[in-house]
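Labels run A, B, C, D, E and F following the written order; every chain starts at residue 1.
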Amino acid sequence: MKYEVFYGKGMKRVKERLPDLYESIASLNESVFNGTTLDYKTQKLIAIGIAASRCDSDATKKQMRSSMNELEVTEDEIIDVLRVVLLLSGMPAFNQGMRLLDEITSEK
Amino acid sequence: MKYEVFYGKGMKRVKERLPDLYESIASLNESVFNGTTLDYKTQKLIAIGIAASRCDSDATKKQMRSSMNELEVTEDEIIDVLRVVLLLSGMPAFNQGMRLLDEITSEK
Amino acid sequence: MKYEVFYGKGMKRVKERLPDLYESIASLNESVFNGTTLDYKTQKLIAIGIAASRCDSDATKKQMRSSMNELEVTEDEIIDVLRVVLLLSGMPAFNQGMRLLDEITSEK
Amino acid sequence: MKYEVFYGKGMKRVKERLPDLYESIASLNESVFNGTTLDYKTQKLIAIGIAASRCDSDATKKQMRSSMNELEVTEDEIIDVLRVVLLLSGMPAFNQGMRLLDEITSEK
Amino acid sequence: MKYEVFYGKGMKRVKERLPDLYESIASLNESVFNGTTLDYKTQKLIAIGIAASRCDSDATKKQMRSSMNELEVTEDEIIDVLRVVLLLSGMPAFNQGMRLLDEITSEK
Amino acid sequence: MKYEVFYGKGMKRVKERLPDLYESIASLNESVFNGTTLDYKTQKLIAIGIAASRCDSDATKKQMRSSMNELEVTEDEIIDVLRVVLLLSGMPAFNQGMRLLDEITSEK
């Protein structure tokens, strides 16, 4: 499932320990990202915006990293997401997002 | 400015009463939505996702309505945004988003 | 599904319009509330605590009402939930919870 | 007071430096956890749910750890709390909760 | 207690029904607002900022109204609080705050 | 701009990479902190309260540190801010704030 990619390690443990819950999450994940009109990439950009907006650094990093690795989302596209975050959620959320993006791009 | 559209009445008062702040917000708004790579519509979808994610019903409604009126965003596209909200922010945020969308579409 | 009870109307629309998503949510809902050790009532009390903690009045009311109607949760039990909300999330969340509880009990 | 247990070090400093505030917090804490109907363990599970729901990793860890050490809450019981967190607050909160739980159980 | 003023009706019910909890809250309230260095008015402005920042319209309105009625906080002072809210929490929080302030001042 | 002080490194990168956005933020920042009635120090205390209230440790630390370094805000004044945080946002936010303040004061 698409989710396995970005929740990798955590989901492996859920799969082993809580197989029924895992199946439900996998099925939900499929339904979520098989939207009828928006493509997967746009949905990932929305996910980045949501995670960054609440200063959730773990989730933001995972979403940014997987979007860049799997979907070839560029740094500039993520910055355009963070512009919206700035307007809707303020400077601290924007700053944290920019810092996390720098960490990810400098890893390469 | 693009913002005037969806923060209409509120921004009019800010413009009259706090002209310096208004200028700054207008300028920020321009910078935010003149992203280099993502188009305005994608940025609006991100804004809907952020607002819906935190159960902010006023902002969610404004963003949904203006995206439908100005940018011809469809109901199905907003539902695809709400799918992401469901996965990242849970059932209450998803439910509220669906309810607000119904209110807006039944106004027409 | 248990969920249908408290997300009644909203979920009916999801079922008609988005059957695949509905199936996933129903399945997830089953997995969530078929915990291995905690009973359904304890899980509902936790749900009330979470909803009240973030001042989400719609979700809080739904959770309170369904817990009282279906599971015979008492007013005193909900007040004990709200005590925890007070300590972890402060006065505004506690006050709103108490007010919503009063609204529900005075409906009867 | 019960609170001293899980807010240990921090509360010691408050006690020395801000004795009046400490007394108030201790008194509030007593009132909160001396609920009339729910037992202390159920209230602690609610506290875990609230903390995990807002991705507050410090508070979540404290609550999880103290509930396991003092009240013999089991890993499976905490997982049942996190199931509710998943439904009400989404995947990132659930994932973080599972990860923190793993950290705590692997410490032993 | 100072709190009775702005949590008026709600606190009356708590006093009658949950006298022990009421005493604890009253005591905490005293400790909070008897800070050693900041005056009560500054603390109220901080409370407005916190409430407005999380789009908690009930709490924001209560804090605004009581600060204006009891402490002669002016509209311009509250606007200066909302400026900080704009920078730290974004446009939706700022807009809601401005709208609530308008509602309160037009009541007079 | 005043902002450069406390968002130092992050803002430098924004200035180089996104000059238009930087100008807008700088202008907004000026408008925010050039309030008509409240002084800069009071506005900073409000900013500390907002950041601490949502357990945003990065932003809280930045705001605390810059307020102490630039504006000679004292430890006792920040504690008085955290008292309000305790009442409005609960123990976890208060505890985290106290811990961050200890880290900053022990750096000196």
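Note that in this section a contact is a pair of C-beta atoms (placed from the backbone, for glycine too) under 8 Å apart; a residue touches a chain by one contact, two chains touch by 3 or more.
For clarity, every value in this text was computed on a predicted model and none was experimentally measured.
Common neighbours of subunit B and subunit F, listed by label, are A, C, D, E. Homomeric contact subunit A/subunit D is classed as different-residue, with under half of its interface positions used by both copies. Greatest centre-to-centre distance from subunit A is found for E, with centres as Cα means. With centres computed as the average of Cα coordinates, no chain lies farther from subunit C than F. Subunit B and subunit D have CA centres that are 36 Å apart. Annotation: 28 Å between the Cα-based centres of subunit D and subunit E. Across the assembly, subunit F contributes 18, 21, 25, 28, 31-32, 51, 54, 59, 79, 83, 86-89, 91-92 as residues in contact with two or more other chains. Interchain contacts join each chain to each other chain, per the touch definition above. Subunit D meets subunit E in the complex at residues 18, 20-21, 23-25, 27-28, 30-32, 34. Of all residues in subunit F, only 28-29, 31-33, 35-38, 42-43, 45-47, 49-51, 53-54, 59, 74, 76-77, 79-81, 83-89 touch subunit E in the complex they form. Contacts from subunit E toward subunit C in the complex involve residues 3, 7, 10, 13-14, 17-18, 21, 25, 51, 54, 56, 58-59.
Taken in their complex, subunit A has these residues touching subunit E: 86-93.
Within the complex, the subunit D residues that touch subunit A are 55, 79, 83, 86, 91-92, 95-96, 98-99, 102.
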